[in-house]
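You will see chain A twice below: alongside chain B first, and alongside chain C after that.
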Partner chain A sequence: MFTFILRRLAAGVVVLAAISFLTYFLLYFSSANIARNILGEYASQEQVHAKEIALGLDQPLLTRFFSWAGHAITGDFGTSWFTSQSVVSAISERLPVTLTLVVVAILCIAVVATLLGMAAAVKRGWIDKVVQTGAVIGDAIPGFVLAIVLVTIFAIQMKIFPATSNIAPDAGASAWVASLTLPVIALVINGVTSAAQQIRSAVIKQLEKDYVRTLRSRGISEREILFKHVLRSAAPAGLTVLSLQFVGMLGGVVIIEQIFALPGMGALAVLSTTQGDIPLVMGVVLYTVVIVIIVNLLVDLINGWLNPKVRVS
Partner chain B sequence: MSQPVEPTGQSGTVVRSRVVVKILKNPMGLIAIAILLLMVVLAVFANLLAPFDPNFANIGKTLAAPDAVNILGTDSVGRDVWSRLVFGARTTLLSALLCAAVAVGIGLPAGLIAGYYGGKFDSAANWVVNVLMSLPGIIVLLTVRAALGPSVWISMIAFGILISPGYFRLTRTAVQSVRNELYVDAARVAGLSDRAIISRHIFSVVRAPIIIQTSMVAGIAIAIQSGLEFLGLGDPSVATWGVMLNEGFKNVYLTPSLLLWPAIAIGLTIGALVLLGNAIRDALEDADKIKHRRRNKAAGAPVERSRPKGKSTDTVEAGTEHHLVKVSHLGVGYPQADGSIKKVVDDVSFHVDRGEVLGIVGESGSGKSQTAFSILGLLPDAARIVAGSIQFDGDYTVAPGDDRVSQGRLSSLRGKRISYIPQEPMSNLDPAFTIGYQLVTPMMRVLGISKAEATSRAMKLLDDVGIRFPEQTFKAYPHEVSGGMAQRVLIAGAISCEPDLIIADEPTTALDVTVQADVLDLIRDLQKRLNVGVILVTHNFGVVSDLCDRVAVMQNGRLVEDGPVREILRNPKDPYTQKLLASMLEDKEPMTMLVSAGTGPGAAAEKEVAL
Partner chain C sequence: MKFGPKYAAMAAIAAATIALTACGGGGAAGGAAGGPATTLTIGSLADLKSFDPTDAHIGHMMPIYQTAYDTLIRRAPDGTLTPMLATKWSYNADNTVLTLDLRTDVTFSDGTKFDATVAKANLDHFKEAQGTDAYQAASMKSVAVVSPSQIAITLNAPDPAFTYYLTQAEGLVASGKEIGSAGIKTAPDGSGPYVLDTKNSVQGSQYVFTKRAGYWDPSLQKFNTITFKVLTDLTARTNALVSGQIDATLLDPKTGKQADGAGMVLNKYQTDWQGILLYDRDGKINPELANVKVRQAINYAFDRKTILAQQYLGQGTVTDQVFGPESGAYVPALDSTYNYDPAKAKELLKEAGYPNGFTMTIPTMAGFDTINAVFKQQLSDVGIKVNLETVPIANYVADMAAGKYSAATFQLYQGQPWVAINQMIATTALYNPFKSTDPELAAMIKAVQNGGANSAELAKKVNEYVTDNAWFVPMFRLNQMFYTDKKIDVVPQLQQAVPSIYNYTPAK
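So, the complex of A and B:
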């Protein structure tokens, strides 16, 4: 078990290193006019040149990368070129908003999709039709279009929710809830039916297994079979779907945050990439990838806990 | 959900034209194709359809309502919304095509090579795929845009690369599954080059899934591209739906309709692509299967046409109460696609008394297992009782006229008074729970005893069924024990709640030869000791002669002969029984030997015959 985690973490570090270099390499091409952009059009040529040297832009690619990586290993991601705020503090201001949004949405999807999927698998009939049709519709409507519709109807026309967020660091819980409700609904509607669809087929597959018939023959109640045995065996399939949705959402929230004017990582990503703020972009990319790696590791660990066969290998 | 209106023929996977017809006959498919054709027409004839250049701005007429000149109005800088919509279709469709082409161009060959040759390329490609799949797409695209500029085409190439793992995995899995098929081997032996095999045999396998995937990918590409442009990250000089959406959202307080048109265009196009993908998938699926499944579903609904209430206390025929189980004229059937019912059990009658072992013999498909499951009430959902009745210990579990087994009555009997020994030991234990848990829980539920008591009983049971280290087995997971052990565990489970009747469905078929004899001995011992009734379902006359008091022979769902084992073995009347017996005994010991052995259990000779 322990070596499994270690191996996965080591693999994660390798992935992280590869992605860092790739991103840095890409951004290298965007840094031509960066000093001019920072200083503004009235700065003199000398000032611009001095700034380039200060930022290390005169160094070759590899030197710059390893200098950045050397600091990054120690947890120092540098400071933003445009605001001089440290990258870590900029991200730690934004990360809670995005994580709250994504985690709440995923938890809602997990609960609703599990119930819907199981109901569809066991009861069939109309609820099955609803889930199947819903899955197609959910696939067909892009999340951000749905979000735009929601914000137009409920925030701008009906004024039930705030159209723009009022999440400030000192904002109370009610402000958070009000600001996050619509975006979470948008994310949930978009993902819930396709997750339910996957859970439905996983549950049906388990219900057809021999051991379910044997459990029934032993006098175990249908409810216990469903919630203890079938759900447990169907869970890995559901978790895989949820983890894929989680990764998708980390990207998707970029647009959602823009629509609802939420000050999260997505907004930071848009700002930093449009400006070419390399330290900030690197920070955003790395934090995101680290979150993805952690989530994937967690899913593997839970699957191992659920399925003793996997645990052994 | 979307069924072909009139499913014809079988699978239709190979015949292309038939698939196309099916898609067109499917209303969803037809709508999807119509919408996509409309979009293509808009894109191709944009120059003719649009009265204005998409970027022509009439500063004097901004945010105008629709009129004769600007049929959908104008935007905030006075550009014609209709013209921009039409030109947007062109950009959007082309960019989706580009993205799909890049993704196929990378994923398909890589998947073919990785799947066909495996080895280092496979593991390297898998590593890259895992990295790509753990990247949040939009963040990467933002980075690419920062590096290479706001071009729609560059973003779509980048996104095509990001999404290529989908094709890679699809192709690789498909290729791996056919690579070792016999016909591919045959082609190789026939001297076909690898390239010829790939293009001729393997490519045809992945073609259909690739088309479906492409339809979905094009939809995702449009969503992503519009999303990026909505963020204001697109090329502002190119009219696209995403840019229009962005423009509309900025003016949502003034002119919400600016938002409406691009949103509709995006929604319709992506929806059509997704529906098309589904329609193709449905068309490729076995039409028969779809119809069948659907019918089952319909039948599985609340059709349970139960008899009037109060009748459930039906008294069984007088004089039969003493039988432990009595099956009378039982018929079991499955509703078919054409509305008929396919009978798998037809007019079967027999009874079992306490302490008696009845063998039900027949080849596979004779309906013997279906009969056993009707007694247990564990028939598949689709099954219907079409005739007859079943009574257990003087009460009906299937009363005359019922079309389903009464789950209410059986759930109080199952586990407690009727138990079941399955055929295949490994698949009948839940792999996620320990053997101990699976023994203890039924006892706690059925007998209502404490966990500690159930545990000590489980230990004793494991010892009783001849497991040498009960504690170890108790803690083990099913995959940690052998098949023979697992079968002993299942037998322990079957007797754990002291049932009156045990139904054993081919309890030795899946076991090793040496273990078979042990398990049969075990069942015989337990049956004698606990004085339970046993119904032994088997195809094996050897097992019957070894264990059973009476035997019922089944063929094609009907009972052809029944009676005491000795009589039937000595003097089979039905030609089918004779044939079964003859096939057992060919080139083996003479029949008299077997018959005499049938009374003296434990003799080695008849076990030989049994195999």
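So, the complex of A and C:
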């Protein structure tokens, strides 16, 4: 188990290095006007040129990349070229918001999808039809449309929730709950249906298996069969979907953050990428990759714990 | 399997908790019910680059800087200059030396005092830092400390807009101790009416300011707290306004309808003109554009009124000149120079030697795609074929300035005549990439520069010249749709995208 984790972490480092280089490589080609954008429209050509030299934009790709990587390994991600804020502090201000949003959404999806999927698999009949139709609808409606509808109804007309985020450094937990409720609901509606579908199929398949019949003949209660045995066997399918959704959500949450003006990573990513703020983009990419690697590792470990058949020796 | 009462109870409790906490978190901002508002929350389109005054920029960001810093001179809503850190100022005979008398009772956040040495340090640093608005210091040669309460600024050449610049980025004054430091980028050290609450402020998200104790002009402190929420997304801004989270913000004609429906107050004013700039008057890329008849033909090709009605719901005024009505260089008669006359356009093209029209390539970017499609259609109706080349937003201005295109659609703010001339007419202007000029125009520009108090009047000649010679294709001056809720009154600021912070008052 220990060697398993180590091997996965080592693989993760390789992935990190590869993605860093690839990202840097892609950014390199859009570096043409960065200095001009930092200095503004009225800067003279000499000033722009001087700025390019100061930022190292005139150096070849590999030199720049290794210089950046050398600093990054020691934890120095530099400062934003546009706002001069340290990259680490900019990200650490915003990461908690995005992570809270995504983690809470995934947990809600997990719970709701499990209940819905199992209800559909066990009861069949009309619940099954509802879940299946809901899957198509929920998948089809874009997240931002849901978000706008939710804001219009619950924030503007009914005034139960704030229309844009109230999250601030000094804000208490109630501000966080109030600001994140509508975004979480939007994300859950979008994601729960496909997860429910997966769990439904997995549970149906499990219920057809022989061991279920054996357990029933031993007189074990239906509830125990479902939640203790069948769910554990059906879990891998659900966890796979959830981990995929988590990764997708880290990127897809950008639009939700825009609509709700949440001070999260999404807005930072969009702004820094369009401006060409290379230190900040690299910082955002790196943190995201690290989170994805950790989540994938955790999902594999949970899978292994739930289902010994899947464990790697 | 049934969902027992246990689950139902848990779900109900969870829902109730969320609803109760949400009620506490949501709802309107603002002061005590019944009394005048004591807080002001503004939705800002743009975020500050940093709190360093050398990063300041005209327009959307000015109110934020004005909250933290004072300027040497203050500009009233109608454009007149009023004393601020400078109590009086005057030029010498040939307008090359500006002497300013300074206040002696001003202290900065760090406790240091304001005097002539600090003023000089700020101006010198502004020039050498070469920040976004460094062009405002272009004509400044040197600053001399005459006495602890007087400085004399020597200019390279007369600059009719210099005193205006001292109300903008160039005039922002930071503490002498913190000028150019790294710390000032995140924690402003000024003498302005409010102080930044660093604990509650998040870069890129919101800035909270509280009233400065002992400020030298309490009449400028109308609120106890001012909060700027950075809401770059138009939908988020609209939602925040109609749900009561912010008191004031800039919307557009379409979202404005939602604000109207929610009972918000519209403060309409015009700051920008939108149209096409015909850069290539010397015919380097498109030889056809060197002929004034061709440029005039393009001006006749557009049905400005209909385009305004369809694209901007009529929110604006059609115009044929690039100078604004309050600039002093505005000539009412010029607005009937080019009416909608496609037949005349074709006639002019024929006279110029292009009976079958010609082709030109202009850039387009997100935000101008729709209007460019309309322009393309109208030009093709008179025989001019337009190829639209998509350019990333970040490159648009740079590509135009580099002379990559013979013409481009753009939106520029209408400043004072000398500012406008340096913006798009002078040979050094950013928006004159091919440096078009001729002796007649150069002489007119020189007259404006040396005109002193008469500059604006003399600029009318420049206006007539560029309009008759069709340097540009002005379409309309667009309305800024600035909405406020009923708790706040605001006065628009002349030639500024959003009102200055001094223009907000609690509603009676």
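Throughout what follows, the second predicted complex is superposed on the first by the 310 of 313 C-alpha atoms of A that agree within 3 Å, B and C clash if a C-alpha of one lies under 4 Å from a C-alpha of the other, contacts with A are read in each partner's own complex, and residues count from 1 in each chain.
The rule is simple: contacts are C-beta pairs under 8 Å (C-beta built on N, C-alpha and C of every residue); 3 or more make two chains touch, one makes a residue touch a chain.
Quick caveat: nothing in here was measured; it's all calculated off a predicted structure.
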Applying the touch criterion given at the start, work out whether A:I199 contacts chain B, chain C, both or neither, answering first, second, both or neither.
neither
Who does A:Q258 touch here: chain B (first), chain C (second), both, or neither?
both
In the superposed arrangement, does A:I156 touch chain B (first), chain C (second), both or neither?
both
Between chain B (first) and chain C (second), which, if any, makes contact with A:V15: first, second, both or neither?
first
Return first, second, both or neither, reflecting whether A:Q47 touches chain B, chain C, both chains, or no partner chain.
second
Could you look at A:I148 and tell me whether it touches chain B, chain C, both or neither (first, second, both, neither)?
both
Mind working out whether A:I109 is in touch with chain B, chain C, both or neither, as first, second, both or neither?
neither
Using the superposition on chain A described above, determine whether A:G276 touches chain B (first), chain C (second), both, or neither.
both
Contact residues common to both interfaces of chain A (with chain B and with chain C):
30, 148, 152, 156, 258-259, 274, 276
Taking the touch rule as given, give the residues of chain A at its contact with chain B in the complex, in rising order.
15, 18-19, 23, 26-30, 124-125, 128-129, 132-133, 136-137, 139-145, 148-149, 152, 156, 209-211, 213-221, 224, 229, 232-233, 247-248, 250-252, 254-255, 258-259, 266, 269-270, 273-274, 276, 281, 284-285, 288-289, 292-293, 296, 306-309, 312
The answer for chain C against chain A in the complex is residues 1, 18-19, 21-27, 48-50, 57, 130-135, 182, 185-186, 199-206, 208, 229-233, 235-236, 239-240, 242-245, 262, 392-395, 397-398, 401, 430
Over in the complex, which chain B residues touch chain A? Could you list them?
1, 130-131, 133-139, 142-148, 216, 219, 222-223, 226-227, 230-231, 233, 245, 249, 252-253, 256, 259, 263, 266-267, 270-271, 274-275, 278, 297, 300-301, 376, 378, 411, 414-416, 418-420, 422, 424, 427-433, 441-442, 445-446, 477, 479, 490, 493, 497
Chain C partner, complex, touching residues on chain A are 30, 32-33, 36-37, 39-43, 47, 82-85, 90, 93, 118-119, 122, 148, 151-152, 155-156, 159-170, 173-175, 177-179, 181, 222-223, 226, 258-261, 263, 267-268, 271, 274-276
